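Below: a set of structures, written as structure tokens.
First chain A sits with chain B, and in the next complex the same chain sits with chain C.
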Partner chain A sequence: MALYQLFSHPAERSYRAGLCSKAALFLVLVTALTYIPPLLVAFRSHGFWLKRSTYEEQPTVRFQHEVLLVAFLSSLSGEYLTWSTFPTFNQLHGDNVRVSMMMAREEDKNQDGKMDMLHFRLELPLKPTEHVLGVQLILTFSYQLTRMSRFVMQSMAFVQSSFPVPGAQLHVNGDLKLQQKQPLKYRGVDTRYNVSVINGTSIFASDYNLKSIAAAYYERNVTTILTDSNPIWLVGRAAEAPFIINVIIRYPMEIISYYPGFWETIKFAWIQYVSILLIFVWIFERIKIFVFQNQVVTTVPIMTQEENYKEHLS
Partner chain B sequence: MPWQRAGRPLSGPGGSCGLMALGPLKLLVLPLFFLAGDAGGQTQPSPSEGAPSWAGADPPGVRLREAGVVPTDRLRPAVASSFESVWGRHFWFWGFSDTCSCDLTPNSCDLNCCCDDECYLEESRMIFKDCLPGSYRILGWKCVDPSIMFQSNTPFHVETLMIPDSGPNFCIQVKNPILNYFHHLQKVNETNIQSLIKNFGGKSFFSEPPPTPTYSSFYKAGDPIVIYFPKWSLLSLLKHPTEIGPSGLCTDNNAAKFLENGHTTCTRFFSNLTSSCTTDPSLTVTSYHNFMVLKVPKGVIDLKNMQVPITLTSEPILPQLDGNTCYNVVSQVIYEIETNGTLGIQKISLSFILMNLSGDPGAAFQQHFTIRFHTFQRRRPAVPLVRSGNPGYIFGMPLLVLKGDTSDPMTVLQSHSDGSCSVNRRKVEFGVNMMTGCKFRIENRSCDHLQDEIYKTLNAITSPVYIGIMGNSEPSHRGHWVKAFTQNSSALAKNCTSCCCIPFSLEIQILWAYVGLQANAQAHVFGGQYLYQCNFITLPSSVEEVFLTTFVSFTDITKKPEFTKSQKETKWASIFSSPSHFLGAMNGEKESLRSLSASAVLLCVLLHGFLGLEIS
Partner chain C sequence: MFDTSVTAALVGDTENVSVMLTLGDDALGILPMPDCGLQSNGTGNWSLTVTPHARGSEVTVRLDGDLQPCVSETDFFSEYPCIVETLLVSASRNSSCLAHLLIQVEIYPNTSFAQNVSGFATSKRENRTKKKMKRKTGENATIIPNQVYQPLGPCPCDLFIGACDVQCCCDQDCTPHLKDLFREHCFTGVFGGNVNPPFDHLCSTPVTEEVSDLFPFLCVQSSLENTPFLGYFFHGLISPRTEHTFRVPRYSSSTSWLDLGYWQDRPILTSNNEFFTIPQVSLVGQCVQKAPVAFLRNFDSNCATNLTTYQERENISEVRLINSLGEDWIVPEVVYEESTALNKFIYDTETILHPGPTFKSVHLEEHYTFRWKENKITELNVRIIWAKIHADQQGTLTQRFKVTFLTFNATEGLKRSGNPGYHPGKPVRALNVASAENVSTINLWRPVGSGLCTEMETSPVLFGEDAVSGCLWEVAIDENCTHLRAEVMNRLKSLVQATHVAKKGNSDYGNIQDGWLKIIWRDTHFPQEGPYFMDIKGICPDVPATMTIHFLISNSGNLEGIPQDVILGAEVSFSSVTWQFHCGITCEDKPNLFPLSVSVQFIRIPPQLTQPLTSFQISLANRDCTNNEVCWSELIFPLSKYYQGEYYYSCLAKSLMLVFIFSLIIFIRNPWIREHMIWGLSVF
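Up next, the complex of A and B:
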């Protein structure tokens, strides 16, 4: 009758020697070589400690209904018209202020409680003799991220555009993108930039200077910018028609980089370390078996189960 | 995780066998598992993008029973979109809504409104390309093969549907807008209207009421200064006209800031000077002193004792019109204010400079406004000396040179609007490399004369030049100045008698370094060199003009201390100190370093234990 291997199991063999023997020294050396080099390999091949990571989140953006408009007219003396939602700013500009009609609607397209886009329309009344050649427009937003750290800031969308021919309408269609010079924290509350872009309560002209507003804003490490490099100008304005600015701003999903926390860093370091360690463990296991089986270092080999068997017999 | 187990039979080949064995518990969790898949960021078909289009296609034969929910005759469904994922097949069906929200014109057919009864259409797809979003409602179904699952004990509505091209499917309805309502209706009344607006409303164009002015007991730096017009019994703020807007026109509404010296220049534009000359307040002296300044803001309570009159340093002359010219127009206004700590303003004096302005008829001119604050009874000189740093130079401040017995900013030539060498010279700023140039006319001068002229144009100060070592170098102190070397470098010397070597460029090299504590390093100038590059020309020259250029370069010769270098070079030591960003949250770097290395050791020991490699 033919025989088949139905079952098998590995037998354990122990090797005994003194603690100060060559074998013990060999084992200490091998253990050290097994565990320390993988750490060095993982570290020297860079990226051992995770320094920044990213996540995806749609920010909670709300239009603050703060608007500042400067429209440049076609004249050599630099005539302009302006209008804003800041009473002091309007007062400072005196005769150059032209009260404009503004409309704004924010839309939550997918009903997830977060606004997805802003429709903004501004109609600047113009005399038949006035012609708009350029526009500077600031809209301010409150911007919130909540998934990792609770990040709150007041941000702005700045539109600056000009056209060589007197315009009738300006159409801007872009995304309000987050710009990070520095990763965010992975937890906690971050309200560093929760200060208004334009200090609307100030009575001093220097606080409404576009140059200083922009300088202070871009000094921040986290800002938003409006990505529409090519606003569309329409020409051919009727004599009494206002100059129309149509702005559509979307609040898209953002990829936000952040500093990973302690456990995340440890987790990624552990993954790298263990994956390299397994190879070392396997190699040194082979070496140890070879060394002990062939008695390269002197030990007393004992077959554990044989011993038990013998004990039973006796 | 029970739902993970339920998920496995779906994807595995032996799915049907596996799921039937799982029992009712698994059946209950399966729909939840579908929902989890739905929540995982599937985009819902938005009305704009997913309008069902039936043009040129037969309606898919889908039997959709919803007894008691929707009248069957109004529900003409079709599969609008479907896709397959690891979670099963997803279908969205379109049924016509009960309320036809796109029917906006009664008694006539609305374009693309498929549910409009006035269109009298058997099949709306016959003439309409698309159906408007208001025409239908979306029913979302998640379907699997009926062999995998055939029974559900969940609250979700379940149907076995015939799907085109895939046969019968066991479907669970996860989205039925007809069963969902916006509930908890808010009741609005007089008492809760404000709180509702506050709780639900975001920001709007509503303007916030202006803050009521508060009058503190003394001025702080940066506060506006309160003034009082006795003529009209009117309180206001002291104005400091400044430029505003892109064109730099004057605004008269800007308030002056207490203790902040300021000088502004702005443009006034008059379309018709003859009418504005005597009427425009900005041109007359009177409008700059017809008020009283209050000592402290709280003086509004005690107006009599708290007023400080404005003293005039010169006779005020009113503007007069003569022909097209307006005489005695205010061109510069200077307020000198003396303050005494919290006691406020003690004295205010006004001086002004007048000019004549002609316009035909429009005119534009620049006005200057200066406000200077002094501590009481200690007047500062009219033009205060400004240091370039104390003691080290500040970047961007003028570089000092010794000119006679005074310190003067180093200057280099600059060109006039037509490109010729200008008499006005440009200041050299510390740390800022420069290059300027201009065109110089030769004009048949003798060689010596020409060289003299060019040297003078290139360098206003006759050599030797002494450069201030520090930003606060005193002219009387010889140790504060370092002599700059002067060198003439000429191209190949021509052996001709009529040749003249003219310096066509000047290279100024300044060597500086940081001195002192690293925490408060001071930039000192250690030396400089004036290098004239010469070129030979024959006189009389055929060329009329030569280009003169000046270069200024600053070289940092700071030697960094050794220990800062060694700190950067430790690589191996930083193996446990790299993730410094989260370590900042802990108490100090060293503690965290210890905890990290401890965790790494622990990591090794644990591994050793796990893998059973014991030293017996």
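Up next, the complex of A and C:
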């Protein structure tokens, strides 16, 4: 009757030697060679430490209903009309202020509690003799991210467009994209940029200078920009008709980069280290068994009790 | 009861029953006698209504007249009734009395309605503190206390300040006597207010069966003021929630807040308590005519206005500025200068002007220099450059408005360009020791108009900014070469009239020993003109058309962490070109344009090497983490300074925890230690 191996288990064999013997030195050397080289291999082959990571989130964006409009009229002396939701600004600009009608509606298309797009419409009343050639428009938003760090900022969408022919309507359709110069933190509250884009309570003209508003805004490490490189101008305005600006801004899903936390960094390093370590452990285990079995270093081999018992029996 | 009517029910068979009202005579103190069926002597202000019901009648006695005696402007806190009357209602059938009802009327003045409402659900105490705070800060802003600890409305039913609100038992304006009137009808209180129900853990609360035996040891000895309900209903918002919506613009008026004088970014006010305004640039270059001037904010704005719509600003010498509250006013000292160089300021569209006697004056430049000391303005000097123009002049007028704030003792001398090192972007300071002319900078050409050398303006060389600029020189075909070279050389040299440049940004102009460096000139040696070129018209070799100014700069150290750059030397050199007259098909007698150029270069010492590294050098530079993705300093990346995900101490703590866990595992797993333990155990 043929016999089959139905079960097996490893038998343990100990090797004894002094702490200052060659065998001990060999073991220390092998242990060092087992554990340190995998670290060096993993590290030197790039990408060992996770330095930044990304995640996806749709921001919670709300239109703050703050609007600043400058419309340039067709004249050599640079006549303009302006309107804003800031009373002091309107007070400053005196005769150039033209009260406009504004309508804004935010829409949550997928009913997830986060707004997905903004419909904004502005009607600037014009005299029949006035013709608009260029428009600058600032809309401000409050922008929140919650999945990793609680990031809150006040941002803006800046529309600047001009057309050689007097226009009747301007259509802007774009995305409010996040621009990061620096990754965010992985947790905590971040309100660095939760400051107004335009100081609407200021009574000084220099605070409404678009140059300084833009300079202060783009100094930030995290901003939003409106991505619409091609606003559409419609021509053919009726004599009494107002100049109409239609803006549709979508709040898309964003890929946000962040600095990973300590445990995330360690976790990814550990995965890489251990996978390389396994190979080294296996190789050096073989080497150790060979060395001790063949008495390359002098030790006293001792059988475990079970084997001793078996030997006695035999 | 807090109404001026009272209702009673007459039960039983009320058919043919007449109900009558009789007024008692209070003055005599006699109760009205029930005189059923008899005519009464009037019911005064009282009226009687009988409404029949199925089982009887409802009798209502109502006060018809007004409560004029109860509304007194002077007697707010009357504890005495203003109306005391006795009424008798009697019911009779066929002159036989069936029932009497004696009504004692006491009406107390409800002082609440005699005053203006100044706040809803706001306690008097709160208002008093608000007033105090206003007085202290002089601001309009009301400081709202933290509502977690101090509820805004501790007594919600207290609607009127300084008056007892009826049925409001926590109103502190109500005296005990007044409270007696409505003690049984108090409004039930709201938690978080002054109505503090005794809470369960209070030792003084009566012990119920449900509490444990340990209650006497664990209960809380506390006053009722320290209730656990304090702030329990507070939702965490002190300021009202901001809803995103269009806000109706509210116009604010200028108010005087100069209790403490001016400070930075506060508007400067005139004696009329209005903003002091100077035209300033706003938006995208447009000028705002009535823009307030902020304290300590300098500006220099150029405003273009159409002359047809030009309006004269108010006379500055009549303006008086507020210095500080209650002190004398600042009178501007105005200096007028007339200018005739109009072409720089007026762009004319070539209108033909009829000569006439009518002229008008326009301001071309207005320079305002404020002197300040602490929170006050000490002086205002105004320099106005004006010009006379034709009354019908058309075109665009460019006006300049400049405001400078200087400390009261500052001299309007030459500004420093850094202290002590140069600041980038500030003018390089220069000095001419030989000439008495006030030379303070080395200049570059600033192109104007068509860019001809004859109409060039200059702008100073700025520290650290390499520059190149030039102009066009009109040269005729029969130009003498020697003359051309000398002319070009002179023109270029006129840019550098200085003999010395300042080593530091704050070198003293009066002291030549204070770091002034001589400018080194490397003059080109003009070749002796040989006969070869003498004869040819239209060609000149070795014309020094390009001037190069080299500045050697170096970092002389750091001051408070800011690097201080100094100039180590300045050198002016020329390079020559051969000028040749360019003709078309025919050489016309029209001058050619010959470009002259000047360039400025700042060379940092030691010069930054830009030699590319060899691959050997790159592989050696393993410690350089800025140029290597893998560098040895980042071997333990989370503990290195390059890691930005968390704070260092947090990483260190977590790393130590990891080390501890691994040590523990190794300690337990190590066969030697295990054996030692076994041996140790086997000994015993």
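Here is the rule we go by: the second predicted complex is superposed on the first by the 305 of 314 C-alpha atoms of A that agree within 3 Å, B and C clash if a C-alpha of one lies under 4 Å from a C-alpha of the other, contacts with A are read in each partner's own complex, and residues count from 1 in each chain.
The working rule: a contact is a pair of C-beta atoms (placed from the backbone, for glycine too) under 8 Å apart; a residue touches a chain by one contact, two chains touch by 3 or more.
All values derive from a computational prediction rather than experimental measurement.
Superposition of the two structures on chain A shows chain C clashing with chain B.
Legend: residue contacts after superposition of the two complexes on their common chain; A:L133 is shown touching neither chain B nor chain C. In the overlay built on the shared chain, the residue A:V297 is in contact with neither chain B nor chain C. Applying the stated contact rule after C-alpha superposition, one finds that A:L33 touches neither chain B nor chain C. Once the two complexes are laid over each other on the shared chain, residue contacts for A:H46 go to chain C alone; chain B is not touched.
In the superposition on chain A, contact of A:A216 is made with neither chain B nor chain C.
In the overlay built on the shared chain, the residue A:I232 is in contact with neither chain B nor chain C. With both structures placed on the common chain, the touch criterion links A:F204 to chain B and to chain C. In the superposition on chain A, A:Y80 makes contact with both chain B and chain C.
Once both structures are laid onto chain A, the chain C stretch out of 203-211, 275-283 or 347-355 that overlaps chain B is 275-283.
Across the superposed pair, chain B and chain C both touch chain A at residues 39, 43, 48-49, 51, 62-65, 70, 77-78, 80, 82, 85, 87, 91-94, 96, 102, 104, 136, 142, 186, 203-206, 208-210, 259-262, 265-266. Taken together, the chain A residues at the contact with chain C in this complex read 39, 43-44, 46, 48-49, 51, 62-65, 70, 77-78, 80, 82, 85-88, 90-94, 96, 102, 104, 136, 142, 183, 185-186, 203-206, 208-211, 259-266.
Interface of chain B with chain A (complex): residues 43-44, 46, 202-205, 207, 210-211, 224, 237, 242, 244-249, 251-255, 257, 269, 364, 575, 578-579, 581-582, 599-600, 603-604, 607-608, 611, 613, 615-616.
Within the complex formed with chain A, the residues of chain C that make contact are 244-247, 249-252, 265, 267, 275, 280-286, 288-292, 294, 297, 299, 304, 306, 396, 629-630, 634-635, 637-638, 643-646, 650-651, 654-655, 658.
Only residues 14, 16, 24, 27-28, 31, 34-35, 39, 43, 48-51, 62-66, 70, 72, 77-80, 82, 85, 87, 91-94, 96, 102, 104, 106, 109-110, 136, 142, 186, 201, 203-206, 208-210, 259-262, 265-266, 270, 273-274, 277, 281, 285 of chain A touch chain B when the two sit together in their complex.
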